[in-house]
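Take a look at these structures.
Look at the two complexes coming up: chain A is in both, with chain B in one and chain C in the other.
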Partner chain A sequence: MDLSVQQFRSEAEQALLDLYERSVDALPGDASVAALRQSAIWTYAGLGLPHRRVEAWKYTDLRAAIAEIPPLLAESDAPVEDTAFEAALGKAFAQLPAYRVVLVAGAVRTELSDVQGLRDAGVEFGALAQMLESPPEWLMASLDTASACGDDVLIALNTALMTGGVALRLPEGVTLQKPIHLIHLDGADAPGSVYTRNVLVTEDGASATVLESFGTLGRAGVQRNAVTTVSLGAKSAIHHIKLQREALETIHLNAWVANVGADARYNAFQVSMGAALARNQVSVRFVGKDAATDISGATLARGKQHCDTTLVVEHDVPACESRELFKLVLDDEARGVFQGKIVVARDAQKTDGKQMSQALLLSETAEFDSKPELEIYADDVVCGHGATSGQIDEDLLFYLRARGLPEAQARALLIQAFVGETFEALDDEAIGDAFAAVSADWLGAPAE
Partner chain B sequence: MLEIKNLHAKVDGREILNGLDLTIPAGEVHAIMGPNGSGKSTLSYVLAGKDDYEVTDGSVTWKGEDLLAMEPDERAAAGVFLAFQYPMEIPGVATMTFLRSAVNAVRKARGEEEYSTPDFLRTVKEKAKDLKIDMEMLRRPLNVGFSGGEKKRNEILQMSLLEPGLCILDETDSGLDIDALRIVSDGVNALRSPERCMLVITHYQRLLNHIVPDRVHVLSKGRVARSGGPELALELEKSGYADYGDEATAA
Partner chain C sequence: MPAVEQTVERVKEIDVDKYKYGFSTDIESVRAPKGLSEDIVRFISAKKGEPGWLLDWRLEAYRRWRTMQEPTWAKVHYPKIDFDDLYYYAAPKSTEGPKSLDEVDPELLRTYEKLGIPLKEQEVLAGVQGAPKVAVDAVFDSVSVVTTFKEELAKAGVIFCSISEAVRTHPELVKKYLGSVVPITDNFYATLNSAVFSDGSFVYVPEGVRCPMELSTYFRINAENTGQFERTLIIADKGAYVSYLEGCTAPMRDENQLHAAVVELVALDDAEIKYSTVQNWYPGDAEGKGGVYNFVTKRGDCRGDRSKISWTQVETGSAITWKYPSCILRGHGSRGEFYSIAISNGYQQVDSGTKMIHLGRDTSSRIISKGIAAGFSDNTYRGLVSAHRKATNARNFTCCDSLLIGDKCGAHTVPYIEAKNASATFEHEATTSKISDDQLFYCLSRGLSEEEAVALIVNGFVRDVLQQLPMEFMAETQKLIGISLEGSVG
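Presenting the complex of A and B:
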C-alpha cells in the first residue's frame, strides 16, 4: 500500500493496514461493499489513528493508547453456558425478557437467539455477513450513512473491516412488545479484534426498543470496534440502549449514527462500566421537522479506566428538540470525558437543545474533562449547556449515617442516587431496574 | 441515662460549647431553650457525631458508654436519634428504600433480625397512619418536594421506626403550622416511655405546650445558665432571652 499520504505511521497504524491487506479477500460482501471498504481504508490511511491534536479526540489519544493490533477474532461455535451470560452482563440483563440475538465474533449464534420470534413479530432480520453478499437497497443506504461520516476514523475502520453484526428493519407501523436484545459476547485466550456493524431501520410509524449489551466471554478482552447506524422514518421511534460491561483489558470503540425523520423520536441511553479505554460516540442528525432525541447515560469508572462519551447533534431542520444528560462516577485515577456538540443550521429555527454533564469525583486523582460545543447559525433557538463536578455531599452522608447506615453503605446509596437519576430517562421499568442492579454490583452494594 | 460533663466543642475554630453539663435520667423529657447562637444546634450535632464539630474537652456518656468514641452510625445503633431541623433532600433515593435501609442497618447492628418485606410494609403503614403520612409520599424521593410539615412528620416516622433510646429534637417546631405541630407532638408523645429519654431543643415555648417537659434548661454562651421545671419556659416566653446574652432581644 502507498505510504505517501501520511508522513509518519506508528507500528499499530501500519499494522491496521496490514490487517486489512491480509483479511480483505475473506471479508464478506459483493463488489459494491468491497468498493466501500476500499474507500474507507483510504480514508483511514490518510488520517491515521486519531490523537490529541485532532479536536474530536482531544482527551482520548487513540494513537498513544493502541500499541498492538491483534488479528480478527475467528468465529466460534463453542457452547456458551447460561452462567457465562450472567457473568458477562450481570444476572438482571442476562435474564431480561427480550427477543435475544447473540453475536460471538460478530456472527449470529442462532441456537442462542430468538430469530424466529423476531420474524414472527414482523421484523426483517438478517445476519450482516450474509446480507452484504447481495445487499438490499435499504442496507446500502444505511452503509452510505456511515460513509457520509467522512473523516471519522473509527467508522472508516469499521466499514473497512466489518465482519459481522445484524441488520434489522421494522416495516411500516410495526411495534414490538418486547425489546430486542443484541448481546455482543467476545473474548478468547489470546487477544483479538472484532469489527461489527449493526443496521437498524424503522419505516414510518414503527417503534422498538433495541438494547445492545457488550460483555466478555472467557478471559482476555478484545479490541472492539462496533458501529450501529439507525434510520428512523417519519413518526417512528427507537429507544436505543447500551450496557458496556467488558473486561478491563478491552478497548471499546463504539459509534451510533442516527438519521431521524419527521415527528420521529430517537432516544439513546448508555451505561459504561467496563474496558480499559472506551469511546462512545452518538451522532444524531435531524432530517425531518418536529423530531426529538434524548441522549443520556452514565459512566462508572475506577482504577485507570478511561471513558469518553462524545455526542454530536445536528439540527438541520426546524423545530426539533434534543436533550442530553450524562453522569459520571469516577474513582481512583479514572478519567471521564464528555464532549457534546450541538450544531444548529441556519434554517433550523425553533430548535430546542439542552445539554448537561455531571461528574461525581470519588478521589483526588480522578479526572473529568467536559467540552461543550455549540455552533448556532439560526437566530430563533433555545440552546443551553452545563457541566458540574463535585464530591459526595458530606451533609447528606451524615444524614444517612445518623440514620444508622454504615459509611460504605451510605456512600453507595448516594452514588446510586446520583447515577439513578439518568435511569429515569428509560420508559422500560425492567431495563431501569436492570441498570440499577448492575450499577449496584459495580458499587459492591446489594441491590434494593 | 445520658450524662454530659463539662462539654467543650469547636466549629471552624470557634468555641461554641463552653463547659456544658446536663444529665437526663431514663424516662424524662428535657427541653433546651436559649437565644440564637447559644449552642443549641451544636449540642445536637455533637451528640449525633457530625464531622466538623470538634470536641475539645469533657465527656458524653450514654448508657454507661463513651458516646463520643462512636461513629454516627454506631450512635444510631446504640439508640441515639436526631430529628433534624432541616431534613436533607436526596433525589434518586425513594423514601421507602431509605427507611428500609436504615431500619435494617440498625436492626442488624443491634443483632436483631432484618424485617421481611411484608412485615416492614405493615409496620410502616401503621406508623405512617398515626402521623397522617400518605403512603404515596413514601414512594417519592426522600424529602424532595416535601412541605416543611411533611419533612418533620417524616423525621418522626423515622424516629418511631428506629426505636431509639435517646430522641433529640432539633427545632422540630420550626416551619410548622398549628395542625402539623399537633400531629408531630402527638407522634413524639406516643414515644414517651420509661426506657426512653428525650432532649427537645426549641427557641419558643409553643412546642412545650404540646410536649410537656420534665425539666427546662436555658443555654447561654455554650453552657447551661439556668434549669427549672416547665414553668421556666413560660417565664422565658414573657421575659425573652435578654438576661441570657441575646443582644437582639436586649437591644
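Presenting the complex of A and C:
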C-alpha cells in the first residue's frame, strides 16, 4: 500500500501505519468494516498525529508525546482477583451494584461479567469483535457516526484498529434499574496498545445509566484509544459516566460521540485522575428538537500529568439546551486543558447553552489552559460561557484554621468542596458518593 | 445632554447619509510604480530622505516578508490579495513640506472640513461646543499633511509630529523604539508594513509631563488601488500621561483597499497611555462589494513598573477587520485595559480582540468587548490572556458580550486563557443573545420606532465601553453606532 500523502512522518507516526499493516488481516469484521478501516487509516496517513499547530490540539501535542507504538495487546485469560478491581478502581467503584461487564484487552471476560443479567433486563448485548463479523444495521449506523467525524485523527485511528469493546442496544421503552458498568482493565504484563469501541443505542423512550471505568492491573505502559458512540432515540435518556484512574505510565485517548434525538436527554460526566497524558473528547450533536445535554466533570492532576478535556456541542436544531461544568484541580507541574465549543446553526433558534470551567491551581508550577468558544449563527439564543482560574482562597483557609483545623486538612476540605459540587449534581447518589470517595483517596484525606 | 435625545436625533439623520465619508477628493497625487520590490522599498525610503539604517531595516523586513505566508487562522474570507497589483506609495503632489496651513492644497483642506476634522487651531471639533483643544496629525494616503498645535505642545516638551519628520529631527528616539514592540519579524502584515510604511504619527512625552491636550491622528485613504501602511509610535517616558485618538475614513470604491498599519506604544515607569480608535473605513456596499481590508497590528508594551496602557476601540467600518490591540505587561504592577465595540453589518467580517500577556508581578488587566452583528456579517472576538511563571498575583477580568440582530449573521467568541501561575486570578465570561422582546416592546410602547428602539438598546449595551472614550468623541460615536446599524431591522 502506498501511504505517501503526508510529507514528513515521525517514527511513531510511521510505526502506527506499520502496526495497521501488520494487524489488518487479523482485525475483526466483514468486508464493509474492512472498507471503513481502510478509509480511516487513509485519513490518518494524510494528517499524521495531531500537534500544536492543529487548532483542536493546540495545548496537547500528541506527536511530541508519543515516541513509541507498542504492539496490540493480546487477549488474556489470566485470572483477575477482586483485590485487583479495588486497587484499580478504588473500593467504592469496585463494589458498586451494577450490571458488570469486564473488558481485558478489549475482550469481554464473561466469567467476570453479568451478561445474563443484562439480557434478562431486555438489553441487546454483544462483544464488538463478534458483532463486526456480520454487523446489524443499527451497528453499521453507529460506526458511520464515528466515520462522520472526518478529520478527527483519534477517532480515525480507533476505526482503523478497533479490536474489542461492546455493543449495547436498549429496545423501545426499556428502563434499567441498575447502572451498566463497563470496566476496562489492562496493563498486567507487557506494554501494549488497546483500541476499543463501545456502541450504545437507546431506542425511543428507553433509559439507562452507563458507567465506563478505566483502570490498570499492573504498571505496564498502555496506550489506550477508546471511543464510544451513543445514539439516543426520541424521549430516551442516557447517563454516561466515566472514571479514569489509570496508572501514570498510560496514555489515555478517549472520545465520546453522541447524537441526541428529539426530547431526549444525554448526560455525560467524567472524572479524570490517572494517566500521564489524557485526552477526553465529548461531542454532542442535537438531531431532534427539545433535547438536552449536561456535560460535567472534574480533573485531578499532579506530578507531570497532562489532562485535556475537549467538548463540542452542536446545536443543529431548535430549542435544545446544553449545560457544561468542569472543575480542574492541578498540583505540582500538572497541566490541565479545557476546550469547550458551542456551535449554534442558523436554524437552531431558542437555543440555550451555558458552559463553565474552573481551575484551582495548587502549586506555582501548575498550568491551566482554557479555550471556551462560541460559534453562533442564530439570533434568538441565550449562550454564555465562563472560565476562572485561581488558587485556594486565603480567607476561606483562614476561617477553617481559626476553627481549629490543621492546614493540610483545611486545604483538603476546600478542594473537596470545590470538586464536590460536580459530584453532587449526579442523579445517582451511589455513584456520586463513589466519586467523592475516590477523590478523597486522591487527596489523601480521610473520607467522610 | 441625555442619551435619548442624541439617539433620536441621530436616527433621524440615518436616512440621508449612510456612509457620509464616501466621497473622494480629486487631487493630483504622486505614486510609486505598482508592485513591490526592493526598488520600491528604496524608492519610498529615498522619497522620505531617510538615513541608511532605516533603509537597511526596511530591506531586512522586505526580505523576511518574501518568505512569509499570509495568516489564515482568522474567521474571515476574502479573495487572495495580489500584492503586486497595489501602489505602495501615494502622496498629494503639493505637500512637499508645507510651512503653514496656507501652503496646503485648499482641496485637501476642504476634504478635512467635510470630514469634520479641525486643522485650523482656533477651531474645535465639529459640532461639539466648549470641547477642549485637540492637536491633530492628518495623514492623507501616504503622507502626513499637517500637524496642529505643535508649538503649544513643544512648550510642554511633547514631541508630536509625523514619523517621517521624527526620523529627521529625533533619530535617536526613533532608532531606539521603532520595532521594539512589534519586531519586523512579527507577522505577515506587520513585516509588510515595516518594509513599506509611509507615514504615521510620532509622539514622545518626556518624563513627568502630562500632555496638555488630546492628541489625534486622522487617517484618510483617497487614491485608488493604494495600500495604506502607516506606522505610529508613542512613547510615554517615566510618569508621563498622554491620551491619543485616531480616526479613519475612506472613499467608496468598488475595489477593496488594503490598510496594514502598525502601532507601537511604550510606557515607562508610572507612565500612562490611553489610545482610542474610531475606525470607520468604508465597509463596502450593501452587496459586500468594495471596502477596506483592515489588517492592523497594535501592541503596547508596559515596559516600566506601574505603567498603564488602555486601548479603546470603536470598530464600525472596513469590509474585513483583523486587529488585536494587545498589552505586554512587563513592568511590575503594570495594567492593561481593552475596551471594544465592534459593529458589523452588511457583509462585513470582523475578527478582533486583544492579548493580555502578564509577565511581571502584580499585573492586572481588564477586557470589555461588545460585539454587535447585523445583516449578513460575521463578528468574532478572539483574545488571549496569559500569565507567565513569574507573573505572581496577575489578575484578569474579561467580559465579552455579543448581540445578534437578524438571523443571517454570526457572532463568535474564541478566547484563549493560559495560566502558568497559581496566584494568577483569571475570570472570563461571555454571553450571546439577541435584543430581548421585552425591551423592544417597552420602547415601542413608548412611541419609538423599531429602528430607534434598536439604536437605543444597542447604545445601552455598549455603554460600558462608550464611557471610556474621550468626552468629545462620545457623541460622535453614538451617532456612528446608529448609522452602522441602519437597515438592520425589519
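Everything below uses one rule, namely that the second predicted complex is superposed on the first by the 446 of 448 C-alpha atoms of A that agree within 3 Å, B and C clash if a C-alpha of one lies under 4 Å from a C-alpha of the other, contacts with A are read in each partner's own complex, and residues count from 1 in each chain.
Methods note: a contact is a pair of C-beta atoms (placed from the backbone, for glycine too) under 8 Å apart; a residue touches a chain by one contact, two chains touch by 3 or more.
What you see is a predicted model, and the numbers here were worked out from it, not measured in a lab.
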Exercise for review: Classify the contacts of A:420 with the two partner chains as first (chain B alone), second (chain C alone), both, or neither.
Suggested key: first
Exercise for review: Could you look at A:112 and tell me whether it touches chain B, chain C, both or neither (first, second, both, neither)?
Suggested key: neither
Review point. For A:87, is the partner it touches chain B (first), chain C (second), both, or none of the two (neither)?
Key: neither
Point to revise | Partner touching more residues of chain A, whether chain B or chain C | key: C
Review point. So, A:394: does it touch chain B (first), chain C (second), both, or neither?
Key: first
**Study point:** Touched partner set for A:375, first chain B, second chain C, both or neither
**Key:** second
Review point. Once the shared chain is lined up, is A:403 touching chain B (first), chain C (second), both, or neither of them?
Key: first
Review point. Contact residues on chain B for chain A in the complex?
Key: 48-51, 71-73, 75-77, 81-82, 84, 87-88, 90-93, 97-98, 100-103, 105-106, 109, 141, 158, 162
Review point. Where on chain C is chain A touching in the complex?
Key: 73, 389, 402, 404-434
Review point. For the complex, which residues does chain A have touching chain C?
Key: 55, 58, 346, 349, 359, 361-391
Study note, to complete from the structure: chain A residues touching chain B in their complex are 394-396, 398-407, 409-410, 413-414, 416-421, 448
